[in-house]
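Shared between the two complexes below is subunit A, which pairs with subunit B and subunit C, respectively.
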Partner chain A sequence: MDFRKWRILLWAIAAALNAAGLYMVFFFVPAEMTMGEVQKIFYYHVPSAISAYVLFALAFAFSLLFLWKEEPLWDSLAHACAEVGWVFITVVLVTGPIWGRAAWGKWWVWEPRLTTALVLWLMYTAYFLLRLFSGHDARTARVAAVMAIVAFFDVPIVHFAIKWWGSIVHPPKVSLEPAMRLTFLVTSAAVLSLAAALTLTRASLGFDEARSLAEEAQ
Partner chain B sequence: MSAMLFALAQMGAGHSPSTGGYLRGGYSAILVILALYGLYLWNRHTIITRRNKRGR
Partner chain C sequence: MNYWRAVWMIFAKDFREEVRRKENLAASFFFAFLALVLFYFSVDPTRVDLGQSGAGLLWLVILFAGNLFMGNTFRKETETGTLQALLLAPVDRSAIYLGKFLVNLAFLLMLEALILVFAFILLAMPVGEHLGWLAVVWFLVSIGYSAVGTLLSSLVAQIRGGHVLFPLLAFPVLIPLLIAASSLTQDVMIGQSAGSVRWLQLVGLFDTIFLVAPLFLFEYAIEE
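Up next is the complex of A and B:
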């Protein structure tokens, strides 16, 4: 499968949107009154979390399709989505404490959203360790698909953690003034397009690798 | 590209002396994570290309 044209298009869109997004974050949007400049981490922190949620949902859907149809294509797509989703949840877990240190005075608080997000990261880390150390056989792919399906159930738990158990650091609802809302929309589009470009690139690599391994086996 | 974004982050973060360091740290961390992942993808691409060449 050749996604070359789509990849180039997506990378061009991602580059343009990220350039616009970064410009808006650093030179256009005003600093928040109580937290100051550090609040601007929000403009990449939250869209990274949204991108991770979307990619884990896709990994869940592709894993279900793989278990149903048993076609390697779905496994390859699930693997690509889970991997790029893991990169974005890592961004969330690294930028969150940096923001938290400046805003709350602590790097980490064991509150529901942070804890469930860390559990999510650990579950997908386990998924990669399984894939890394168990080879490319069909059995590994089936076990990995089950892991991706189970791990996805933590996504709504992370999202609704504040509503269900409350939080001392995350507000239940965020209201943004127009300039902040516009910046947030642009950075969300920027991060989502970057996630799409990375996923397509990673999926193409997966297809190339599968083809190359099949040729080598012949 | 990374160097350009880093310079942009440094310029922007310079507006506030109080929490600007954390802002700079946050955006630098994002760049480092994405750059590392980019390197990993590039490395895999190189391995696959080399394997294909050897196969032929």
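Up next is the complex of A and C:
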């Protein structure tokens, strides 16, 4: 698979947007009134969560495609989406407590959205253990695809279970100042493009790896 | 062969075999008893009222003890090569899944009955008052656990050393079910019903999704 041109383009976009995003977060956007500077973590915390959810949804779709078509390309894409999604959900779990320490006075609160992210992290970590324990063959790919589908089906149930179970809530709707909204849009685009670049790079690596392993086996 | 007859035959074969060998069931039932005793030692009974807050503990024991036999659902088949024969049988593969699911459900219900008796006698939990409701709730939750457990154990059976993975794969997926089961059990034990309908709906949704999805997924999960 040669997505070379796409990869270069995506990395260029991601680099430009991230440079702009960093500049805006540090020098342009005003600090929030009550929480102060630490609130700026929001500009990376929320886009990371969005990226992770999008990537997990894509991992689900590519896993279905792989089971249906049995083409290694779909497996490489599903694997890459799950892996990069895992990285971003980890970012959510690290930035959440840093923000939470300042906003709530505790490192960790069992707050619905953060807890949902934790459960997702657990499920996709298990997915990688499954990949780690097995090999690189088609059977592993199939088994992992089924697990990715099961995990994705579980997400809405997890969401509701934890919402009804927990009591502390995120602010439901945040209204942002124009400068804040602009910064948020830029950092969202930055994080999403970074996620796309990482995923595509990882997928082409995985695809080449699978192909060379298949050639070796022949 | 008729579809339901195939389901029944797989159920009967596995059930009879396990009841005769007793390996997995004996380990699981003994572990459940042991875990309850250990849990009791780990809390201060003068400060913790298990009748008020012990429901989740029972469910943890069910989860841990259940995984001892559920993770092995397909292990024997892959080790002795009977899986090949099963897959060659001229019957839809979801019949294999349903048969195995029913075996796991039956064993899980036996395990739960045992845990209820222990909870009643050893921990003096108020499980006797609304036994009918408790049976309904536990039955519905068990469907979900067995459905997920059977599918995931078919996955790990194909991987060398995969049985270690079973609880690691299954428990994160089962988290919403554990939350619902604990809340519902607690509500039944203290005779409260506010909020129960919501949790029952959640369990129903979980059961439906994970009983229907494997009928399609299992075909791919176990392919040779």
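Here is the rule we go by: the second predicted complex is superposed on the first by the 202 of 218 C-alpha atoms of A that agree within 3 Å, B and C clash if a C-alpha of one lies under 4 Å from a C-alpha of the other, contacts with A are read in each partner's own complex, and residues count from 1 in each chain.
The definition used in the following text is that contacts are C-beta pairs under 8 Å (C-beta built on N, C-alpha and C of every residue); 3 or more make two chains touch, one makes a residue touch a chain.
Keep in mind it's a predicted model, so treat the numbers as computed, not measured.
In the superposition on chain A, A:123 makes contact with subunit C only, while subunit B stays out of contact range. Look at A:139: by the touch rule set out above, it reaches subunit C but stays clear of subunit B.
In the superposition on chain A, A:149 makes contact with subunit C only, while subunit B stays out of contact range. Residue by residue along subunit A, subunit B and subunit C are tallied for touches, and B comes out ahead. In the overlay built on the shared chain, the residue A:160 is in contact with subunit C alone; subunit B does not reach it.
By the document's definition of touching, of the two partners only subunit B reaches A:201; subunit C does not. Listed in rising order, the residues of subunit A touching subunit B in the complex are 15, 22-23, 25-27, 31, 35-38, 40-41, 44-45, 48, 87, 90-91, 94-95, 98-99, 101-103, 194, 198, 201-202, 205, 208-209, 212, 215-216.
By the touch criterion given at the top, residues 67, 119, 122-123, 126, 129-130, 133-134, 139-140, 142-143, 145-147, 149-151, 153-154, 157-158, 160-162, 164-165 of subunit A touch subunit C in their complex. Those residues of subunit C whose C-beta lies close enough to touch subunit A in the complex are 148, 151-152, 155-156, 158-162, 164-165, 168-169, 171-173, 175-177, 179-180, 183, 195, 198-199, 202, 205-206, 209-210, 213, 217, 220-221, 223. On the side of subunit B, the complex with subunit A involves touching residues 1, 5, 8-9, 11-13, 15-16, 18-20, 22-23, 25-27, 29-30, 33-34, 37, 41, 44-45, 48, 51-52, 55.
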